[in-house]
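Here come two complexes built around chain A, the first alongside chain B, the second alongside chain C.
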Partner chain A sequence: MRRLTPYLFVLPAVLFLGALLVYPVVLNVLMSFQDVSAGNLLGGAEWIGFENYRAAFADEVFVDAAWHSVTYAAVSVVVQLVAGTGLALFYAQSFPGARALRSLYMIAYAIPVVVSAELFRWLLDGRSGFVNWVLGTRDVFWLADTSLALPAVIGIQVWLGVPFVLVSLTAGLVAIPREFGEAALIDGASAWQRFRWVTWPLLRPVVAATAVLSTIFTLKSFDLVWIATQGGPAGASEILPTLAYRLVFTSFLFGKGAAIMNVIFAVLFVLSLLYLRTDRRTS
Partner chain B sequence: MRVMLVSVLFAISACSNGASSSDGTTLTWWDYFGYSPASDQAVNTLITRYQDAHPGVQIKRTPIGFADFHAKIVQAAASGTFPDIAVIDTPDVPLLASQNAIGDLTWRFASWPDKDKYLEHVRDGVKYQEKFYGVPLRSNTTALIYNADHFAQANISAPPKTWAELRTAAKSLTSADHSGLCFAAAANEQLTFNFLPLMWQAGGDLRTVGDAPSVEALKFVNALVNEDKSVPRSVLQWGHSDVEKEFAAGHCSMMVNGPWTLPSVEKAGFAWAAAPLPAGAKGPASPLGGEAWVVGAKSKNTDAAWQLLTWLADPKNSAKEIGGGLGSIPNRDDTLKDPAWKWNNAVEAFAEQMPSARARSVYGPKYPQMSEAIWTMAQQVMTGERDPQQAADAAKAKIQPLLG
Partner chain C sequence: MKRVIGVVLVLVYLFPVYWMVSASFKTPAELASVRLVPSSLSLDTWTARIFDDPRVLRYVLNSVIVASGTMVLTLVLGIPAAYALARLPLRGKPVLMLMMLSSLMFPAIMLATPLFVVFSRLGLTDSYLGLILADTTLALPYSIVLLRPAFAAVPRDYSEAALIDGCSPFGVFARIIVPLVMPGIATVAVLAFLWGWGDLVFALTLATEDSMRPVTTGLWGFFGATTSDWAGAMAFSTVAMLPPLVVFLLTQRLVVSGVAAGGTKG
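For the complex of A and B:
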């Protein structure tokens, strides 16, 4: 009995993970190898091997969406990190109101994505939008133009993602003992030298972890694009999650949708492993 | 103690379930009419009225949000938990019929005199492979709703009746403050709902996309959006309800929209009216919207369900609730001109188009994929990404293999 006790303690967690994580993932993998449509959702679907994957990779809509996903994640994360690092360093200085201003960023983070996406939809409107008014431009249809829609949603994503980077890096900065910087100052190091040789090396693991997490968040992000453009116009802002959703819930092509979700899953899995490695190195 | 209480409650609920089924019939009913208090109330009123007149029948209604309804009904079909009665969007009839989720009502239709009163296209809407699967209690279509104040300012005396007139009117109504014409053109079914009629008006069809009429329709929207700029490109991110808001705010002088917008247009505070959609080279055509009241294929209460549906179909029992309450446009020969269905002055313009309104369910169970090809094609042209012929050819390549 005593030997069993520890296992009993982990049993709820194992059951929980099994039912809510392993089961759906396995089901999704199985589904991606079958020709599942609305008619045979509960069983009887034909096994078709890698046909769903082959069809997906041969489909220009999928290839476009994959590129959009990569661009969307890469550009958002880089801009987010640069802006977030700058802001974190700026607010790490002590000046009146620094704390209050920094917490203001958290408000943006606390607003549900549904609300901010809906808001941006109207801010970016071509006719009566606030953004055009500020820029003094007219009839620039940010979300309704094939060459602007993806950059526009990337812009919104950056706005949504900066607070997370700011908060993570601020925590990282606080953890760096003040004495290091002061010692360098006494040794005559300039502000840039202090950043480059003292702050940055100590902050780098935090930046790496934040980068991986941000990449995971943006790659699987669905709600922002779905609300702002639904992947349009003419597929210009279609990313893999919106494509998979459309295949499953609009066209009822469950098998093909599952195949695309597994592609996303595989990428996210690798990124998660990467995160665990950077995290382990940090600690 | 708590455990005991819960089990007692369970026992009671189990008893009450058992009791009702032994006394009479309990019909389960799913719909998505909870979208407004008025529509919700209308359905409840009908249900109460029926139960009062038929003491043996209990109706257990479950209103489901429109956004979730689609996924929910497909799940129910797959898992065998389909309700006795479901109110489904007509384009879904072929899909659910092809997976044997909904019951074939053909022989009941055969002996039902009222079936001949429904307009032909309305009847088409509930058919799949020559069999009937539901009763089309609520129908609608779109019309051209216009701001009469803007018309007066632009010296336009009558609503446009042809494509050419529509283009001229939209152009002269476009100013710095408002656009001439708006319609939902976001990347979803709503754009197909708005674009198919243009193809039909030009003499084309979804099945023959790529032919001259479909290219004509694309050229027409291209002229409106890209040459005249009388339709703002913003519509590419707008749904029906966004268009409704922009019209009510005075940002659009005309809109193509359905009767569900009338209550909010009524409150907009300017003079307005509705007219039939302008006709194309091959005459008028409009999209048929609405629902089919279907019976679950595995339902044990098909007789009771059918009785309820035919009772609801009788205008004497339901005209007020289905008309004003649910915003339906009359869809039968005997109700088309009946003042009892004129719940708003604009109903006439919509009703006038009902005989030429066409159902999307004739395109079969793969319609959702075909629809995606159509809205993508229209968006490609409206954004200037492709020229009309190229876009039509691309859509043809996607649709041809789906026709089968």
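For the complex of A and C:
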């Protein structure tokens, strides 16, 4: 009995995740090899091998969405890393209120993404939007313009992503012993030299881990694009998660949607292995 | 000087949030002409769109139920599991931890289809239980990953002393260990609540009936792709933002430490 007690502690969580996480994922994989639609959802769908995957890869819509996903993740992660690193370094200086000010950025993290997306929908509106007013542009409908929708969504994603970079790099900066910088200062190193040769080498692993995590979050994010543009106009900001959602829940092509989700998952899985490696090196 | 720059940067960054809240108090005329500070405060939007519409209260209550339920279920399942993974002799620990870590990377959207299929069969769509179960699937692994180091940090002498004094293994866990990791538990509680409150994917797919909608899909249902009632949309957005904002402001430290440990969202 004594030896079994430890298992009783994990059993509820393991059963729960087995039923509601592992089983659904397996089901998703199975569905991707079947011709599942609204009619045969409850059983009896035909097995069609890799047909869903073949159809997805051959579909121009999928290829476009894949490119949008890559652009969306790559550009927003690079920009939010640069901005977040700058802010982290700035607020890591000791001045009165630095800590309190820094944690205010997290307000953007606490707000539901749906709310932020709705808010930016208005800021980027063509008629009464604040962005047009600031830029002095007239009647530019940022989110309804085929060439502007994706860049606009990337801009919003940067706003959403900065707090995470700021917080996790701050944790990395705090871990660097003060003496290192002070020693360099005594040796007459300039601010840039101290950053380049003292801070950066110690911060780099944290930046790498943060970059991988941010990429994962951005690649899997659905809420922002769905609320801001629903992938439109005319698919201009369609990313893989919104495409998969649309296939399943508006076209009822469960099998094809499941195939696309599995593609996303395969990419995320590779990235998370990368994260676990970078993270192990940090700690 | 640094302080001034620091304040200005925060103000610029958070300006959209101010703009949202102030819009909900503006008259239609003021909304059309961009004014940084409203000349007068009007409650018209709030009365018409929020207080006089019973559906808003319904959505808020639904969100409160789902977010609190997610929080409670995550803690009930997560605390003992994290403790066992940190402190008890178990076979297969690496496998379990790898499973927890890899589920951090899971897109909610990927679970949406299979959960919809399974919950349709079980009759769990359009129910609080269905939403709570769905939200917990992703909050739980995260909470275990976050709590395990907290349990591991409790000195072993404490539990050993209690065992020698005749405390049962469960008694050691409940009376000695859990109180010591309260800050970690509070962090997880807050993050699970924020997660449940902000969920869009499961709300879209598992709660299609209007009376079951939480604020996220409620907002989208009212002010969807074609809206031009921005004052109404911003008032509703303010309502949807307020509870998580209050929770955040009361527990800032906990949230920051949780996110620094690899916080995922959305």
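Just so we're on the same page, the second predicted complex is superposed on the first by the 270 of 283 C-alpha atoms of A that agree within 3 Å, B and C clash if a C-alpha of one lies under 4 Å from a C-alpha of the other, contacts with A are read in each partner's own complex, and residues count from 1 in each chain.
Throughout what follows, a residue touches a chain if its C-beta (ideal position, glycine included) is under 8 Å from a C-beta of that chain, and two chains touch if they have at least 3 such contacts.
Fair warning: this is a prediction, and the values are worked out from it, not measured in the lab.
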| item | value |
| --- | --- |
| Superposed partners chain B and chain C on chain A - clash or fit | clash |
| Winner by number of chain A residues touched, once chain B and chain C are compared | C |
| Contacts of A:230 with chain B and chain C, given as first, second, both or neither | both |
| First (chain B), second (chain C), both or neither touched by A:111 | second |
| First (chain B), second (chain C), both or neither touched by A:21 | second |
| Which superposed partner A:141 touches (first chain B, second chain C, both, neither) | first |
| Which of chain B and chain C A:89 touches, first, second, both or neither | neither |
| Partner chain in contact with A:13 - chain B first, chain C second, else both or neither | second |
| First, second, both or neither for A:251, with chain B first and chain C second | first |
| Contacts of A:128 with chain B and chain C, given as first, second, both or neither | both |
| Part of chain B, among the options 38-46, 92-100 or 236-244, whose backbone runs into chain C after overlay | 236-244 |
| Residues of chain A contacting chain B in one complex and chain C in the other | 41-42, 121, 125, 127-128, 230, 249 |
| Chain C-touching residues of chain A, taken from the complex the two chains share | 2-3, 5-7, 9-10, 12-14, 16-17, 20-25, 27-28, 31, 41-42, 87, 90-91, 93, 95-98, 101, 103-116, 118-123, 125, 127-128, 130, 133, 159, 162-164, 167-168, 170-171, 213, 216-217, 219-224, 226-227, 230, 241, 244-245, 248-249, 254, 257-258, 261-262, 264-265, 268-269, 271-272, 275-276 |
| Residues of chain A touching chain B in the complex | 38-42, 121, 125-128, 139, 141, 143-146, 228-236, 246, 249-253 |
| List of chain B residues in touch with chain A within their complex | 70-71, 74-75, 77-80, 95, 98-99, 179, 186-189, 229, 232-237, 251, 365, 368-369, 372, 376, 379-380, 382-386 |
| Residues of chain C that touch chain A when the two form their complex | 2-3, 5-7, 9-10, 13-14, 16-17, 19-20, 23, 31-32, 34, 76-78, 80-81, 83-85, 88-90, 96, 99, 101-118, 120-121, 133-134, 136-137, 140-141, 144, 169-170, 173, 194, 197-198, 200-201, 204-205, 215-216, 219-220, 223, 225, 228, 230, 233-234, 237, 240-241, 244-245, 247-249, 252-253, 255-256, 259-260, 262-266 |
